[in-house]
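Each chain carries a letter (A, B and C) given by its place in the written order, and its residues are counted from 1.
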Amino acid sequence: MGEIVLSEVRKSFGGVSIIQGIDLVIPEGEFVVFVGPSGCGKSTLLRLIAGLEDTSSGTISIDGKDATRLPPAKRGLAMVFQSYALYPHMSVRKNIAFPLRMAGLPAEEQQRKVEAAAKVLNLTPYLDRKPSQLSGGQRQRVAIGRAIVREPAAFLFDEPLSNLDAALRVSMRQEISELHHTLKTTMVYVTHDQVEAMTMADRIVVLNAGRIEQVGSPLELYRSPANLFVAGFIGSPKMNLVEGAEAARHGAHTLGVRPEHIDIAEDGPWKGMVGLCEHLGSDTFLKVEVEGVGQINVRVGGDVPLRHGSQVSLAPQADKLHRFDAAGKAMA
Amino acid sequence: MATQASRIAGRLMLSPAVVLLFLWMIVPLGMTIYFSFLRFNLLMPGTEEFTGFENYSYFFTDPAFWPALVNTLTLVLGVLVITVVGGVALAVLLDQPMWGQGIVRILVIAPFFVMPSVSALVWKNMLMNPVNGLFAALARALGLQPIDFFASAPLASITAIVAWQWLPFATLILFTAMQSLDREQMEAAEMDGAGPIWRFVHLTLPHLMRAMTVVVLIQTIFLLSVFAEILVTTNGGPGTASTTLTFLVYMQSMLQFDVGLGSAGGIVAVILANIVAIFLMRMIGKNLEA
Amino acid sequence: MAREASKGHKAAVTVLAWGVALLIFFPILWTFLTSFKTEGEAINSHPSFLFFDWTLENYETVNQRSDYLAHFWNSVVISVGSTVLGLIIAVPAAWSMAFVPGKRTKDILMWMLSTKMLPAVGVLVPIYLLARDAGLLDTKTGLVIVLTMVNLPIIVWMLYTYFKEIPGEILEAARMDGATLSSEILYVLTPMAVPGIASTLLLNVILAWNESFWTLNLTAASAAPLTAFIASYSSPEGLFYAKLSAASTMAIAPIMILGWFSQKQLVRGLTFGAVK
């Protein structure tokens, strides 16, 4: 149950190509995150899997069966929307029971399943409230509850946390991860937030302009980005990308080094002046104007005695350098 | 953004309304056009024959035609001017802080809900009647000669009645639009030293433009068809002094039973309305796109 | 940040606004008062405002003599009937345009609006003849059909603007939850759209109640709603001010009460959502 296979999937709206030939296998039980900048087609791809949009060409199969032309209701998938999309006129109980009611389950069984789901999601005290009487996090859990009760082949999440405040986002993120460990059902999760992608995914699919840039586990993408796009997208703060003479010295068109892979060293090759200096306590973020290289972001420990205008020497860690050719591809 | 299946369902669900409206528009309109080329009187059944543009030439040379056209435009423009100017003034007034604003608003809106035949009768008999009306009583109390409104100024009297009915509508819409006026912008202008008149002309009026457009459009649609007010008060008279195109066509087809002539008149009214509509749709298109 | 206006300014505005409002409302108030006067008092050349012998006899007479209740019932049937029929046709159409918009949706909406601009008089003769030949002249059925078509564009537009505000994601959620199109509309869309549908209903009942072109031209006696009934008072033998006032008060009271409740929706509805 729950394997999703996309082959040569394309989608265009009125002649504009949004998804340009996607091949992807999502094995059963995996937590896959689609990540990319806005407009990259990640939400459209999810909606194609859901059946909310027609696939222009290519096939989507779920559990080995061709589902390309099936209506959403017949695909056995459940979706959690960005706006939660709760039915405002129904109580929490009725919201969660709705898919069961549509499936024609007997009332007692609906009741039993709703209460089981409510227990898992700590919603039992709120079952008879309307969505408008709930907080953002509770609404999110109702939306998840509505998805769980169907026992779907896979869960689809469309940026489910983007309407929550920062603190709640972190705790919901953990709840969804735990849910995945408990249910062991396939989950496909769309986000533009690379931190969510890194922390939740078994595997990340990086999308850009309707194409897959790279597929891999979070650490694979972090350690060996396949191209400049992935290098720039994954990791926070962003990887420094240096062109010109300094890159040529390393035999590359573009040289990439992550801020956390640069040390402050007396004899460091890069010398410059500290511009912005942010002391976060645990870390310090520096913007350094390095002569002949350009502006470099550096992440160092919490107690460096530097401030705006300090002179500093930097040493990039030699084994953590990323080299890219003129086409932006990673060099071996 | 939807699937093929839902698009098909959408089309199926849209079609009854579209088909019915299309039939409602095209069948009678086609019949009217057809009748307008016939000699066709309901009192003489069986004598219908094709006459070309004869009905049109009769209609245009009817001594009532030009007065009716002028009366129609006078009525529509008169009511529009009164209601828009009065509506803006009332909207600005109602927007000020006051006691009992809710009740004031209810009182101002009330005439809109009065059916045309009632308002026409009430104005004609109880207010404007030269003998028993309240205005006559007032005039006498002031030592003046009571005015026979419908004899001496029939069109102006009807315009007043219709304006009374539509003033609430304009006020309500303009007042609603006032609510969305950017108060901070107003205060910023005040800080910059702009006086109340400058603020009204340069901030309030432009903000109300869109609402005024809507008022003009909607009212024009209804005003071109003003009927009951005329039927009840003057019956188009005296002479043709208060006959509008709508009323002229009504008289020809429903009172003289001359279907051919009435139909030609109807088509003229349609063409006139279309000319107005094209202007309005353009204006609206510009103003509503945003 | 509204400032506290000076008391003096507020008092002046209050006096002015109340004065204007009472002036505008006066004809209705006068009608209401006159309905409680005797006929003699009603045409008294020194009209009295409140100090007269209040009587209910006009209401009794109007009800007994002119079959007021029958006309009232006609008005109810025609306005409610045409609105409900219109809603049945318009709900699916508005659903379709709001949630499955195509390239031509905007054009269709504009076209519907343009049919409202067709002057009624342009189609008076054919509608009259068609109604006559179908035996629908002076029948409630005939007027229900005509008024349904007359108000259909407004109903569609109003519903469309209300439906547009319902997030499409909720309907998609229903689809994901296994709802068929009919259950989607029945269990999800309709309950959410109830406020919008209710105000559409209210506004169109008001419009149909007061419609005075078709109701006057297509009815004679038996199906005549209040608009036509009141218009018959314009003939000389009906010139009894007090009775006219009583009949008028009864004709406008129900709709005025409905109207005051629906002020807010009225603006949205009549401006096709352009002013909120």
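Please note the rule applied: a residue touches a chain if its C-beta (ideal position, glycine included) is under 8 Å from a C-beta of that chain, and two chains touch if they have at least 3 such contacts.
Remember, it's a predicted structure, so these values are computed and weren't measured experimentally.
Novice: Identify the chain whose mean C-alpha position lies nearest to the mean of all protein C-alpha atoms shown.
Specialist: Central chain: C.
Novice: Taking each chain's centre as the mean of its C-alpha atoms, which one ends up farthest from the centre of chain C?
Specialist: Result for the farthest chain: A.
Novice: Could you work out how far the Cα centre of chain B sits from that of chain C, in whole Å?
Specialist: Chain B and chain C have C-alpha centres separated by 16 Å.
Novice: Using mean CA coordinates as chain centres, what's the gap between chain A and chain C in Å?
Specialist: Taking the average C-alpha coordinate of chain A and of chain C, the gap between them is 53 Å.
Novice: Cα centroid separation between chain A and chain B, in whole Å?
Specialist: One centre to the other, that is 58 Å.
Novice: In chain A, what residues contact two or more other chains?
Specialist: 52, 71
Novice: Provide the list of chain B residues touching at least two other chains, using ranges where the numbers run on.
Specialist: Expected reply: 2.
Novice: Report the residues of chain B in contact with chain C in the complex, numbered from low to high.
Specialist: Going by the criterion above, the answer is residues 2, 6-7, 9-11, 13-14, 16-18, 20-21, 24-25, 27-29, 31-32, 35, 90, 93-94, 96-101, 103-127, 132, 134, 137, 140, 164, 167-169, 172-173, 176-177, 180, 183-184, 187, 210-211, 214, 218, 221, 224-225, 227-228, 231-233, 245-246, 249-250, 253-254, 259, 262-263, 265-267, 269-270, 272-274, 276-277, 280-281, 288.
Novice: Enumerate the contact residues on chain B facing chain A in the complex.
Specialist: 1-5
Novice: Can you list the chain A residues touching chain B in their complex?
Specialist: Spelled out, the residues of chain A in touch with chain B are 13, 51-54, 71.
Novice: Give the list of chain A residues in touch with chain C in this complex.
Specialist: The touching residues are 50, 52, 71-73, 77-79, 81-83, 85-90, 98-99, 102-103, 146, 150.
Novice: Could you please specify the touching residues of chain C with respect to chain A in the complex?
Specialist: Residues of chain C touching chain A: 167, 169-170, 172-180, 183, 187-188, 191-192, 194.
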